[in-house]
Every structure is written in C-alpha cells, then in structure tokens.
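Here come two complexes built around subunit A, the first alongside subunit B, the second alongside subunit C.
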Partner chain A sequence: MTSNKRIEPWLFVLPALLVFLFTVIVPIIWSFTYSLYEWNGIGDKRFIGIDNYTRMLTDNVFITSFKNNLIFTGLGTVVQIVIGMTMAVILTSITKFRNFIKVIYFIPCVISSMAISQIFSKMLSINPEGVVNATLGAVGLDSLKAAFLSDPNLTLIIVTLVDAYKFCAIYMVIYYAAFLAISNDIIEASVIDGCNWWQQYIYMRFPLIKGIFFITVVMLVSGTLKGFDVPYILTNGGPGASSELVSTYMYKVAFNSVNYGYGSAIAVFLVIECLLIVTLIRKLISKVDVEA
Partner chain B sequence: MKTAPLNIGVRTLFYMILAVFVVIQVYPIFWVIISSFKTQAEVMSSAPYSLPGSFYLGNYVSMLQNSQIPTYFMNSSIVAVLTLFFTIVIGAPAAFAIEKMKFGAGNQVLAFFLLGIMIPIFVTLLPMFQIYNALGLRNTFTSLILPQVGFNLPICIYLYSGFMRYVPNSLIESAHLDGAGSFKIFTSIILPMSKNTTITIITFNFIFIWNEFIFANTFMTSSSMKTLPLGLKDFVGLYGFTDWGATYAAITVTILPTLLIYFILNKSVIEGMAAGAVKS
Partner chain C sequence: MKKMNKFFAILLCIGMLASIISACAGGNNNETTGASSNAQGGQQQEGGSDGPQPLKIHYLTSKLLSDGAVQTIMDLAEQYKQQVNPNFELEVESISDRPAYLQKIKILASANELPDWFDADPEPFFEGIAEKGLVVNIDDVYKEIGVTDKFFKVSIDYPRLDDGSLYLMTWNANAEYFWYNKELFEQAGVSAPTTFDEFLAISETLKSKGITPISVHGKDFWPLLRYMAFIPFRMEGNDYLDKLRKGEAKMADPAGMKAAEFIQKLGQNYFNEGWSNADYNTSLELFLSGKTAMYYIGTWQVKDMIDENMNLKENFGYFKMPQYSASDKTKVSDFFANSGIGTAIRQDAYNEEMKNFLQFLFDNYADTALYKYHVIPSVQPTIKDDLSQIYKDMLKDISEVETYTKVWDVRLDPETNESIGRESTNLALGLSTPEEFAKRMDDAIAQNAPKYFK
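And now, the complex of A and B:
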C-alpha cells in the first residue's frame, strides 16, 4: 500500500514528463552536442571542439545580426512599455468604454504574425502603392514616400515596430490589471490627503506596481531576444543583413545553408544569451529593490 | 472614488490620445477585411484606403477555387484540436499529482516543467528535424502536435496547479474515505471543478497553435499537409502580386477563427495570455 502510494503520483506525471523530456530537454542536450561538430546532416560528423563558437566572433553576418538584435530588443522594449503604460494609465483614468477599448486594442495579439506581416507588407508597398504611401501622397508629403521594405536603413526599425504593434497590448493589459489591483483604500486616502491625479501616479500607483513593471521588462527583453516571426516573414532579414536577427540567421544557417554544427552553436548561444541577460536584469532589479 | 478628479481639458486630451492609439491599432485589421470586398477594378484603380463600393464576394470565390486554403484550414483545425486534447489530457493529471497527491518531489517536478518556459524553441528545431527525418515523421500531424504539446505543457501545468492548490484537501480526503481512488477523484471531482482553468488554457493555447509558424515551416514541406500560416505564405507568393483582392480574402479567412473565439471568450483569452506572458 505505501509503495503503491509513492508510485501513484509518478504515474500521473509520467506522460507529461516523457513528452516534455522528449520534445524539450533532450533536443537541447542534442543541440549542444551538434554544436561541437562540423556536419552538414548527411556526411560524417567531424569533432571540432569550440571552433563553431569562435567562428561567430569573425562572422560578419553574425555580428551584424547580433547588433541588430540589440536594437530590436532595446527599441522594442521601450516602445512596448511606453505604449502599454500610456494605454493603461489612460484606461485607469477614464470612466466610460474601458472594457470595450481594452478588448478592441488587444486584437493584434490574437492574429498570427503571418497575417500581420502580410497586411503590413501590403500596406507599406510602393508598387503598387500601398495605404501608407498613398496616404502620404494624398496629404502632400510625397517626399516621405519610400520603398519601406527594401530600404536597408528602415527595415530594422520597421520590423521592430511591427513586432511591437503585435505584442504591445499584452503590456497594457498587465499594467491595467496591476493598477486595478491596488487597494481602493490607499487611493481614497490619497484623494483625502489632497493628491492630484499626477501626484497619485508619481507617489502611489507607479511605485505600487514596480514589481510587475520589472517583470514586464524581463519578459520583453527575453521575448525580443528570441524574436523571429515578423523579421523572418516581412523582410526575411533583408535587404542584405539589414534586419537579420540572431534567430533568423540561425535558421538560415541551419536549414538553408545546411550547416548543422554552426547553426546549433548559434542556437546554443541564443539560449545562453537569454539566460545571462535575464539573470543580469533580475540581479539589477533586486539591487534596485533593496536600495529603494 | 477611484481616481482623483481630472479636469475636463485633461480628460479630453486623454480621449484624443486614446482615439489615435486605437485607430492605429485597429486600422490594419479593418483595412484588410474591407479591402477583401473590393472588386478587381476597385483594387487596381481606387485609392488603397478607399472603401469598397459594394459587398463583393468574388475574391472569396476565386480564393477558394484557386487555392488549397480549405485543406490548410482543415489541417490547422486537426492540429489545434489534437494538440489541445493531448495538452489537457496529460497536463491536468500532472498538475493534480504535483498539488494534491502528497507527492514528495512535486515542487521539483513543477520547477522542472517551468524551465520549459524559458527555452527558445530554436534550440530544439534541428534535433527534432533529425529525429522526425529518421522516423519518417516529417509531413505528419504528429510532427506538429508533439513539439507543441511539449512546449505548451509548462504553462498548462502552471495554470492548473495554480488553481488546484486552492482546492481544499478535506474534499479529497473525504472522497478517499468514501472509497474513491485517486483517478476517480481526479476525473469526477477535480477536473469538473477546474472547468474555468480548462477554458482559459484551451482558448489562449488555441490562438497560439492556430498562429504557430516555425514548427510548421520546418517540418511541413508537402503542400497537402501545410497549416494556414504556411498556406497563406504560399498563397501570397503565388497570387500576392497579381490578385490583391484574393490575397486580402485569404488573409481575412485565416484570421477569422481566432477573431471569432476572441470575441466570444475575450476574457479568458486576455487572462490566459497575460498570465502566460508574466510567467515567462
């Protein structure tokens, strides 16, 4: 009976554990092993130690994609926080249509990156003229018309903004829920004490949701470091490597150039990068928290 | 009194900012849907931001006749239903064991699953590709269902265990005294009680699965097995520069199911996605 009792929970978790091990954990270990070999998937594997990792240091496309990814992460994080916070503050401050606006604003989050990328690709088109260029023409701003998706100076910014467009509403919802969760008593007390709207945010609401705010920063940084869909579909990393990110480059190396060893090394790099940066941010945050 | 009073000027300014943000956010979706009702002549000659003159359905007809979109739609539905089914069927019992079965290693097992939320899926693509290749599983539904169940499990278990933690132990103990085994307690008491959690998990995971791109792009190369996002990519590749009307119709068809579910169950969708995001 007792040994039976001890085994029983394992029977309940076993199917989930097996699927999780087989589809998530084992492939990670496997990837790490691949990354130490030179291999095109068909011929013989050749053990080359960390050569695939040192190769990244001299691979210009990789370095570009890494720099691009930092911009994608930095700009994307700031834009999404600013939009999400602005929307949340306004939603909290108004009295009518709150829920309606929240639901409407969230729509892009439920639409596939494929559909969103295709929509923007049509809207930003120059020939035939898409909505954006046609509108610029109609309001007399012809000088701003551009082939947005083939201008290497613009593509990185565009994929960052389209990605932000798709996800920013999640942060609105999170901040809004955090504002609503603040106890009414605190807010009422501040009104009695003569706090105006602005003081209420500076002294009460923003400090009270600090924890959630830091969590969203971690979410955004780790999410955008792994960004893939929009750049891959909208510009395919191009033109040139102008909007290439680490993940899209990894995908191309692995599946287009069929360089499994090097592709795996970049994938492992991505995992380590994410873990390192997220740990670093968590450390910084806990330091700030202690000092505050 | 929830907020300090705002003067009318500030309030007007807020509504104006709100209006601008909402219009920017919704316009692209609105635009593609209304553009799908434009005739070929309207698409060619009228300004792209103009409204269609009539409720023209020809784009939908030609899109359905000239493409495999119905097949892709079917494939996406099969993958979504089976992935959700298996995620729930193996995820819920795991959460039950972790929270309610006096499971010594429960916390460690939960922490182990939660590791999965941090993992970028790219790192698993090549090995999975190799395995599927060797087992002949590429271009089968299994190759999409299996990894998606694996990657959806952590958040599913996390949400279930968050709910089940608060089910009173006395309820389970008294059922035990009445002679019910753990399996019986799980299926006839815990699972029905978790109905809302199940709905949340199903709705927001449905959206992720329906929209999934990377696994499908990697494992599905035969056109009869593609899911909608991939099929849409092919369709745009073929007709995107010649038949814009049909392209808009195709995009609209792919986003319709998620929009529909979202409008019916927006509360659980938003809750699920926000909870899932916060955890990662």
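And now, the complex of A and C:
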C-alpha cells in the first residue's frame, strides 16, 4: 500500500480542496469567531466569550425554534420518503404515459420556493377567500373554513407539508432511478420463483435499493434541519414563533436585530447539530447494515 | 471504505450548511458596487471648467416608485436635468417591502457600502451610523440652502435623534387617522367615537351586526404597535416609552398592562380574520371594498380616500386618536403625526452640485407634491383657496400638533423591536396573557437596552 504515501493524489485533489476550504471551512471558522463577540455591524466589536452560547439556553424563542425544527425534520423526512417512494413505485409499475406522469410529478421541484409559497399563501388565504376555503364552503364544510396561515397550531405543519411537497419529487427521481438500476434478471428470477407484485417489492426491490435509501435519509435530514425558504416566505416564522425554525431565527437575529454575534452562534450551533445528527444516523445505519 | 464514506457524508453536510450561511451574506454585492462606483463618478469628474459638474445620485428608497413623494422627487430631478444640469442623473431603486429594505440597509452599512441617498428612521441603529460620521448633517444643509423655516415643525423634529441632531431629510408631513366606512357605521347605528371605551363599544356593536370592525395587517409589526402605543400615550405621554426603552419603566406598569389588555381584546375579537398573516394591501383592500368598518392609516394613503378633486369620498369619514380618560396627559390635538421615513445622504457623496440640486428640489417641492401628486409635503405649501376641505383640515391638524406620539418600532432598540413584534402578535392571538407578555418584554429590554442606550 505505497500509494497512500505518494504525493500525486494530493496534487490532483488540491484545487477542489482549496475551493472547499475557502468556501466552506473558512466561513465556518469565521462564524465561530464572530460568535464570541457582540457586534451590531457598525459599532466596535466586543469580546464576550461564550455568552452568546449560554444565551441560547435561556432564549425561549430559540428553544421553540429548535423544537419546531425537530418536528419539521421528523415529519418532513417521513412525508417526503413516503410520497417519493410511492410515486417511484407507481412510475415503475406503469408502462403507459410514464414520462408524462414523471414530468407532472416533478413540476413542484422546478418552481421556485418563492412562487410555491406565494401560491400556497393565496390558496390558504381566508380574506380574500382562497381556493381551499372556497372549496370547503362549496361542499358545505363551512365549519372547517379558517385562516390557516394565522393559526399557530397549524402553521408549522403547513410549512412542513409545503416544503415536503416541493422537494419530494427529487426523492421520487432518486428511488425511480434506483429501481431501474436493479437488474431485470433478478426480478425475472423472482417471478419464476412465484413472487407476486407485493413480495417483489418487499423482498427484492426495497432491500436492493437500501444503500440509496439510507443516502436519501441523510440528505433529507440534513436538508430539513437547515430548512429556510418556505417557512420564511410563507409565514415568516409566525404567527409569534409558531413556525420559526433555527435557520429563520438565525437570519432574523443576524439581519433584523443586527446581532451578528448571536446570529453566528446560532449558525455554529446549526453546524454542530447537523454534524451530530447525521453522524448518529450513519452510526445507526452501519449497525443495521452489519446486522443484515 | 466505510470510514471514507462517513468522512464524505460529513463534508457534504458541512458544505450544504455553509451554503445557507454564505447565501445570507452574499446576495448584496452586485447592487452595492454599482452604488459606490456611482459615488465615485460624482466626485471624480472634476474636468470641465464651465457649467455645472456632472452628478449622479443613487437613491435607495423604501417607498414605492409610485409613491407621491418619490414621484415628486423624480419629476423635479427631470426638470433640474432639463433646466439646469444636463449631466445630472437620479437613479431611484425601490425596495418597498419594509423588513427587507431595513435588512438590506443594515447589511450595506455593516459592509460600508451605503448608497448615496438612503431612507432611514431616527432609530438606534441609524443613530450608530450617524455617530460614526457616515452621513451628512441635514441641519447644516437646510441652513445653507435656507429652507429650515419652511418646514412643518413635525417634519423637522420627528427625524431628530435623541441629542437633537438631524441627519434625515423628510418629504412628508403625515397625520394618522382612523378612517371609517359611513355606510357600515349607519347600518350598525354607531357614530365616530371620542374615547377608547366608545371605540370598543362600537366595535362590539359592529361585530354583533356581522360586520368586521377593524382592518389590520400583521405581516408588518408596526400597525399592531400603533395600537399598543395609543393608551400609554394618552395616559402618560411619550414619557412612558422613553423610559420603557431604557428599562426605567416596565411593561408591567399600569400603562403597559392597559395597552396589552387592549391589544388582546382587539386581536381576539375585532380584527379581520387571518390578520396576523395579512399584508398591507390586503388590509387596505378590505377597508376600501367595504368589508371592514375601520382602518387606521396615515395620510400617505389618503389618495385612496379622495376623489379626483381631492375631496373626501362620500362613503368615508375619519376621526383622530380617541381619548382614554378624563385624566389624560395629552390633548386630543396631540396624536400620531410624523414625517414618514427620512432620507440620509452619505457623507462622501455630498458635494457642491448636490447642494445645488437640493436647493432646486426644496424650492419647488411643496407645491408640486401637493397640487400635482396630492401628498402633504414636509415643506409648507402655498394654500390656495380652491384646495379641498379635507386637505385644509389635515394641514391644520398637522400644524396644531404640539406633542406627536412617538413610534414604538422606531424608538425601541432593534433586538427588542424584533421581540415585541413577535410577542405582541402572540398576545393579540391569545397565545400569551398580558402578564406573560409584560414579563417577556421586560426581560428583553433588560437584556438588549444597555447595548444601545448608555
């Protein structure tokens, strides 16, 4: 294994590594430095040590946003996997209009978050009446009509679902590609052995795309942990802090309250949180892998 | 191999995270380089001994481009270009979404890339900008061009900082009224209130007749904070807010608690459904289309309440901030009046030619603004006999104000501001009690105020 000690591989990696260092690692270190200061952008910086971090522990809004974020991540991940997988299975099972349906399913992905959020905010609006409330009224369910985006008990679930709606087709495409990659020989063999459609999926297809599946879980969790655009545009974290996520709160602290120090501290927290949770998931996955 | 996988997954994760952080900071560069090069353009071109110097002003405004004041400024800039200086150019960029605008200015200021002209309120963050000497002292400018005496008192006093210095030019003189729909009032058999008790009573009557009493939009925080300010201002004048923001008075004091209870009562009973997520235009449209009976807004929006002859439309009426009790410290003629958001000039963008333009601008501003664009100007206009009654009344109201109500979201520090915006929404939605609200606000002020008010 002499290849490990050679310098050439490092030379090839170097350009990418440098870009990565300057665009990723340096900003993180930078954020961490800011997080030790109190700074409003124009005045002088004041070193305050870890005060910004201890403040997080007592900051109610931060704690709420953290809890909200866990719900956003948990629910969002499950919904996107289930819907993505269902759509992929449907696509694999049909033969006619496959491409057409694939495109239809994928449309939400290519619409910008801004547009999606605006569409939903108009649809869910009560005053002027949006599509959802109008439909509820038309079918006689007047009692269910509500200002959905102003109801603090619903906003978090709504933003989670809208975010999931936007991104689930990406996972559909990934699963669909994975299903296609399974060799036909295996499937045919299973058919000869008397496998029905359901058993094909349970015993053959799902286990065969397990690796891809785990990757999507990691993607989803890290993606939703830093979820920002839909909650920010649709409800702006409100009403109150009912749909505030860690990243939207970080943004507001840094750029509305102009407390760059505390904002950076929250950003650093987000980095560590993501690393921890993703590491944890990978630990669990490797355990499952070994057992299987 | 597994180790490597893990390593790459972690790197990937860091990469994704970093993209948000960098996205937040990145977006502004394009715009600002343009701005600073403009400024240089204004100063570098020293050549040409005759005639006026070329001048290009980049003005970043929080007003709509269709706003009367902005229209007037652009109109006069065009006239200036044609009549005085052919090499003059005023480039107006508008970000009318107020929170987005304020954010942008804060970021530009932090990056030391402020535009030549930009809008600001006399709030603590702007005070920091002024203290650093980044903007021009407007008192001096007004004196140089000799317009100080021509302004309405409120338009020159409102934008002053705590120490009395002035760094903001203003364009409007605004009074804020409750506008109401006469038809809906008649239907419910109520008339304009003079006290807040009556105000609540007529809201109840309107509601019982199936009419939504009040239009409010909660997407911005300021409308709710106006309602928050009413009762404390009547009870204690501006003293309460001045002390509260420094932590010397408490939200838990009687004035604060009365305000909190008032907001909660309104929010839970009398505001339009879905108000907390409604935006400016939604609440305005609700009122204009007769779906709500009352709407609190300043005279900057008066163009929607008047007909083509500048007379108040038949269907609308208006009343001033009601009184609270017989022992009020402020008079009925004292209410919310202000100059609207002001405009600052970056120190190193200011020069002789800009002064000439300002001279031209302020000499012609008042009458153009009033008679051509129907906005009440910051500079006192000539009152012509055929000016409509409502404009005469509004101008009279504005000049009669002795103590104008100070605006909470301008006076409080930026961090407390963010908290009070969020918490007052919670309060009005019934998610917290007035006591909890008061405690959270007092805690926030105790934590944030010392950083801004020493």
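One rule holds in what follows: the second predicted complex is superposed on the first by the 267 of 292 C-alpha atoms of A that agree within 3 Å, B and C clash if a C-alpha of one lies under 4 Å from a C-alpha of the other, contacts with A are read in each partner's own complex, and residues count from 1 in each chain.
Assume a contact is a pair of C-beta atoms (placed from the backbone, for glycine too) under 8 Å apart; a residue touches a chain by one contact, two chains touch by 3 or more.
The structure displayed is predicted, hence computed values, not measured ones.
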| item | value |
| --- | --- |
| Which superposed partner A:N259 touches (first subunit B, second subunit C, both, neither) | second |
| Contacts of A:L149 with subunit B and subunit C, given as first, second, both or neither | second |
| Subunit A residues touched - subunit C or subunit B, whichever exceeds | B |
| First, second, both or neither for A:P9, with subunit B first and subunit C second | first |
| Partner chain(s) touched by A:S222 [first = subunit B, second = subunit C, both, neither] | both |
| First (subunit B), second (subunit C), both or neither touched by A:G76 | neither |
| Which of subunit B and subunit C A:E188 touches, first, second, both or neither | first |
| Contacts of A:L275 with subunit B and subunit C, given as first, second, both or neither | both |
| Touched partner set for A:V24, first subunit B, second subunit C, both or neither | both |
| Partner chain(s) touched by A:G84 [first = subunit B, second = subunit C, both, neither] | neither |
| Subunit B and subunit C footprints on subunit A, overlapping residues | 20, 23-24, 27-28, 31, 41, 121, 128, 222-223, 226, 228, 247, 251, 254-255, 260, 267, 270-271, 274-275, 278 |
| In the complex with subunit B, residue positions of subunit A that touch it | 5-6, 8-10, 12-13, 15-17, 19-20, 22-24, 26-28, 30-31, 34, 41, 83, 86-87, 90, 92-94, 101-116, 118-123, 128-131, 134-135, 138, 165, 169-170, 173-174, 177, 184, 187-188, 190-191, 195-197, 199-200, 212, 215-216, 219, 222-223, 226, 228-229, 233, 247, 250-251, 254-255, 260, 263-264, 267-268, 270-271, 274-275, 278 |
| Complex interface listing, subunit A residues touching subunit C | 20, 23-25, 27-28, 31, 38, 40-43, 60-61, 121, 125-128, 147, 149-150, 152, 218, 222-223, 226, 228, 235-236, 238-242, 247, 251-260, 267, 270-271, 274-275, 278-279, 282, 286 |
| Subunit C - residues contacting subunit A, complex | 2, 6, 9-18, 20-22, 24, 99, 102-103, 106-107, 109-110, 125, 128-129, 132, 134, 218-219, 272-278, 282, 285-286, 291, 414-415, 417-419, 422-423, 425-426, 429, 431, 440, 451 |
| Subunit B residues touching subunit A - in the complex, by the definition given at the top | 1-6, 10-11, 14-15, 17-18, 21-22, 25-26, 28-29, 31-32, 44, 47-49, 86, 89-91, 93-94, 96-98, 101-104, 106, 109, 112-113, 116, 118-120, 122-131, 146-147, 149-151, 153-154, 157, 182, 186, 207, 210-211, 213-214, 218, 228-230, 232-233, 236, 240, 244, 247-248, 251, 254-255, 258-259, 261-263, 266, 269-270, 273-274, 277-278, 280 |
